[in-house]
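In the two complexes below, subunit A is the common chain; its partner is subunit B in one and subunit C in the other.
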Partner chain A sequence: MKEKKFYPMYFIWPALIIYGLLCILPGIIGIYYSFTDWSSYSDKINFIGLENYKYIFTSGQDYTKYIYNTLMFTVVSNIVKIIPALFLALMLREGLKGQNFYRGVLYFPSVLPYLVIGLLFRSMLHPTTGVVNQVFGALNMDFLAQKWLTDPNFVWGSIFAVDAWRGIGYVMTIFIAGLQSIPESYYEAAKIDGAGYFSLLKHITLPMLMPSITINVVFGLTYGLKVFDIIYVLTNGGPGRMTEVVATGIFKEFSDGTYGIGSALSSILFVFMAVVGILIVGRMNEKKVEM
Partner chain B sequence: MKKFLSAVLMLTMSLSVFAGCAKSEETPAPDAAKPASTEAPAAEEKDKNKDITLTVMTSQGWAFPAEDMLTQKFEEETGIKVDLQVVPADQYHDLLKAKLTSGEGPDIFYAQTNEFQIKTATVDPEKYCIDFSDAAWKNVMPKTRIPAVSYNDKLYGLMLWYDSPEFVYIYNKTLFEEAGIKEAPKTYEAFKAACEAIKAKGITPIYEYGAAGWHHQLPFFQIGPRYEELQPGLYKGLNDNTIKFADSKDMQKALDQINEFVQNGYYGDDYMSNDGTDKEDRIANRQAAMIQEGPAFIETIKQKYPEVTDEFGVFLVPFIDNQNYPTNPSGPAIFGYKESKNVEAVKQYFDFLTKPENLQIKLDNTSEWTNIDIAIDGVEQHFTDIEKAFKESIPREKYEIAPVLQTGTKYTNDQWMETGKDMISMFMGELTSKQVLENIDERRAKLAKSQNDPAWQ
Partner chain C sequence: MKSKKQLTTLAKHIVALFLCTLVIVPFIIILLNSFKTSKEAALMTLELPKQLLFENYATVIEKGKLAQSFVNSLIYAIVPCACVVIFCGMASFTLSRRITKLNKFIYMFMILGIFVPVNYLALIKIMKLFSIYGSRFGLILFYIANNIAFSIFIIYGFIHTVPREVDEAAIIDGANPLQLFFEVIFPLLKPVLVTAFILMFMNIWSDFMTPLYLINKTNLWPMNLAVYNFFGRERANWNLVFADIVLTALPVLIIYLIGQKQIISGLTSGAVKG
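On to the complex of A and B.
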């Protein structure tokens, strides 16, 4: 059936022009600059082809590791936030006493500035003076005390833990909103038919929660690919360059005045995010059609 | 199920309570009395200035108590408010450069500079800095420091720093004697033996603070004169790009020796987490025996911990058997932002800082300094006997071979923090000493090419 159109197409143009000028054009200009030697040291900008990309992928400055770290952070940080957040959301819709208080407490870290979180956890996780290792010491469990933010074996785990501590409340809130939109009658009918807790979860809750899961995954992916703050405040990319990500690399290049290389790194991130975004939106539209 | 879920939830809640229980670091309070204001300008002048606020941006490492006192005095005298913004040392230069390049620079800012660096990465004086060539305070600075704040015959900055052996090893003499070490080490082998003896007593030989990002690379750079002594012409070759850092066997050897110290545990277990805020405490309380600081550090310990009876001494950094004085006519300087809306107020602030009475306040309330390197009279210096004796014990020719590496070679100080990161990677086994040097060369080439340096074309 032909879709009925209420408004003419040209109504979209003002919004499209503003979006294009403010969002699309800077991205395209950035890609152009990635092929130049633009820097803060010279007013001249020369086209240098793929030199910046060559430098990124072949120099000894470990940019490829930054890209790997960004992808790894995106995947792991989503897993460690979404699964526990779903678990907590399920608990907090079960009619616990004082559930609003718990929801508030869990959401609270999400509103804390990253700088505060960084100072707080850098202090807490200090191997000698930090409260975490001191608690282990007081409990005679010194073997659990670690150099949380400087030991290569623990630094990523510590970042993921702090990131999860901050982000779980936000993800959980989206899940709770999704859970509240599931009609109670579905559960009642299923219970009459003899369904247990896990059957209800598998056949009603999770399928009905798919839109919330999708939103959380999309938000999580875009957050993960752009991650900067949490790394910057906790480790500043260290120890060494172990936890550098693309965004910290871009910041470094721009603050060094080597804008061309910074633009090339930004462009890589831009293209990757665009591809991931298109794939996800496409997938979501497919689901919509199926439903 | 509900009970189980409740129990898990309660456990999670309990753990989150610990989040607020971090042990706070003690911040030393300024111990000197608030300075009395000098001449008060007319009330109307103050009233005129009451809407002006100057932003002053500095690094944590340079934010001495004197800065607070001077800004307060300036406010009282002029009515101009000062917003002193102190940024963690490991983020300072990145943030400053990002602010300047984005057109949002602070009215006044500090930046590490030297004769070469002023022309390179940090501040780009012609683009960002106020020209102070006609300032009356120009003669306050000694001639040796002028090149570090000048560019194309114009003066852009004010460098108020001290003239002491910067970053040598301060050691606990009493502890050394108890460990059977009779004299301060002058060679690498003697240094290593001393560390081993201290470590055997269950004490960390050297307190290092890697989390600050700027300190742990000092031993490598401060012994620059030794590299030049072992390979005459090295600095010239590095500056005209006929020699690479990676070609220097001596630099590689120095890095290997520093790394050996780390692997042997001479820096302790927590050096990468330390940010230096407890350095006096660690040394005064014998948790560590040595630290790389200036001689004034000894006075700071005596003042802060009067109960400590241990004697302290000073020795030169002995990696690759260095016995040269770390000559370094550079340091952090103060610049005014060209695009500031309050250029006149900025100039007033610089005039204020360079008055003899204010220089005296700066020196008297900066416990890390024993003197201030200026070319005018009217300021009482506080050189210590230990410092005087130490300087006199070094032969004159050992002062004159070359300045420290970061001051004597181009595009080196610009990548101070990056080199620090590479050194941490070396400590973790991810890079070799040779790769650290190759990375320095690569970054030097990147900076040189971006500035069209003919030696790198």
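On to the complex of A and C.
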């Protein structure tokens, strides 16, 4: 009785309605539009069944590459961020003078607008006037100077490097918080039993760090699969369409006015992420019940 | 033994300093070159400028229409943040105090938004239906929607730290639900609300994709789009581009320096509990 009165349902409505209407509903309507020939060229929208999906997967266009690139970006960008960040966190965990300064500086890039990062690195990686190639030139190592953002051999490497520059501090900060929640007494007890550094790492640190590892993987997964900004500002999908991902591909379809195909691409991502999300949220919920 | 430990510490400092240099040096290059002439800046060196050309900044602000877009960005960030903090505070309060099957489902449905991407094409269709596409109001409403999931996630986790006895005392004193929430609970949630506000503010300030889809009039552009457009026109003049970068990064830097503690605590409070 009392609960109903003092924790009213109308407290939930504003958030739920706005969120449902503008975040979830477009995804669901979008699935319907993905079965149509919706475009900017005609006012009529006709149902065409699976044609858009057929076109995406069998037309020999680059669409399958967008999907491959997105998955590849998700896997690689997370590996190159999470592993170094873990070592950094272990290093900056305790007792280093000035560690707060180090942490503050290393975290900073992850709050910068992508546009700033994009312009910054487009200038620094510029083939002729960029700082990076000039340094190589000054050191008489011209053979190392490359067209970082336009050479197919280097463009993904450059993207991953810039993405790591931006994101390592963020991942590291989550690890440090996880490390700080491990009671010191565990280590003391293990040390009395004669455990060495690697034994402590394997039997105490890593198992106790699982929640932070999980959260980093989960955030990394959603970031990678939805990636748009860093690609758009660094290469805009180029050279050619080599670094195009699903989100930038959808934007291209939007610019071209082929909304049906764009909706199909978007729906593939939507359904995939919804399934991943439901699995993760379900797991989180189970864990809370256990605790 | 002792000297080995000192050696490791020294090695740690060297690694940490090296990495910090990698972060800081690009900014120093940008800052220095933003005061140079176009010719000097094209060389992109660490040399000090021969004379400080503050007029680069004046040029950028005038030519790039930065004043207008700065105000736009402020509106697009502050209004949604304030609304989200209130709406999500209220929703999380009921959701976490009255745990029913339905409310559990609503909670999970809402944090699902952390994962699923928005279909902008269909979103535009819906916005046109309500005649809010391309307007300030439409963009603001979308920013509110898009930040609800993450805010519910971190606020919901925090509300448990406010004991139920607080509610009961207020109810005995004769508070109604609105008084209970806004006069008693809301102030107690301040730490997590401030954190949510700052995180959202920086996300919206950085967001590039949404205005590309939802805003088509140049006078409604946020700073990001104005700067990108300016870069497209003036890419030969690196000094101006750099001044532009400095001006875009400055607000974020200031907020970061002020709110660093909240940012990190907020980031990790949701994170460590998993």
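The rule is short, and it goes like this: the second predicted complex is superposed on the first by the 252 of 291 C-alpha atoms of A that agree within 3 Å, B and C clash if a C-alpha of one lies under 4 Å from a C-alpha of the other, contacts with A are read in each partner's own complex, and residues count from 1 in each chain.
Here is the rule we use: a residue touches a chain if its C-beta (ideal position, glycine included) is under 8 Å from a C-beta of that chain, and two chains touch if they have at least 3 such contacts.
Every value quoted in this text rests on a predicted model; they were computed, and no experiment measured them.
When the shared chain is aligned, subunit B comes close enough to touch A:Gly238, but subunit C does not. In the superposition on chain A, contact is made by A:Val135 with subunit B only, not with subunit C. Residue contacts after overlaying the shared chain place A:Val116 against subunit C, while subunit B stays out of touching range. Of the two partner chains placed around the shared chain by superposition, subunit B is the only one that A:Ser40 touches, whereas subunit C remains out of contact. Residue contacts after overlaying the shared chain place A:Ala247 against subunit C, while subunit B stays out of touching range.
Touch criterion met: A:Tyr102 reaches subunit B and subunit C at once. Contacts of A:Ser59 after superposition on the shared chain: subunit B is touched, whereas subunit C is not. Taking subunit A as the reference, the larger set of touched residues comes from C, when subunit B and subunit C are compared. Of the two partner chains placed around the shared chain by superposition, subunit C is the only one that A:Phe228 touches, whereas subunit B remains out of contact. Contact with neither subunit B nor subunit C is seen for A:Thr205 once the two complexes are overlaid on the shared chain.
Residues 88, 91-92, 96, 102, 105-106, 109, 120-121, 123-124, 126, 129-131, 134, 165, 232, 251, 254 of subunit A lie in contact with subunit B in one complex and with subunit C in the other. Contact residues on subunit C toward subunit A in their complex (touch as defined above): 9, 12-13, 15-17, 19-20, 22-24, 26, 29-30, 42-45, 84, 87-88, 90-91, 93-95, 97-98, 103-104, 106, 108-123, 125-126, 141-142, 144-146, 148-149, 152, 167, 171, 177, 180-181, 202, 205-206, 208-209, 212-213, 224, 227-228, 231, 238, 241-242, 244-245, 248-249, 252-253, 255-256, 260, 263-264, 267-268, 270-274.
For subunit A in complex with subunit B, the residues that touch the partner chain are 37, 39-42, 55, 59-61, 88, 90-92, 94, 96, 102, 105-106, 109, 120-132, 134-135, 147, 149-150, 152, 165, 197, 232, 236-242, 251-252, 254-258, 261.
Subunit A makes touch with subunit C in their complex at residues 2-9, 11-12, 14-16, 18-19, 21-27, 29-30, 33, 88, 91-92, 96-99, 101-102, 104-109, 111-116, 119-121, 123-124, 126, 129-131, 134, 165, 169-170, 173-174, 176-178, 181, 210-212, 214-215, 222, 225-226, 228-229, 232-233, 247, 250-251, 254, 259, 262-263, 266-267, 269-270, 273-274, 276-278, 280-282, 284-285, 287. In the complex of the two chains, the subunit B residues touching subunit A come out as 1-2, 5-6, 8-9, 12-13, 16, 18-25, 90-91, 93-98, 101, 120-121, 124, 127, 210-211, 213, 269-270, 272-274, 278, 421-422, 424-428, 430-431, 435, 438-439, 442-443, 446-447, 449-452.
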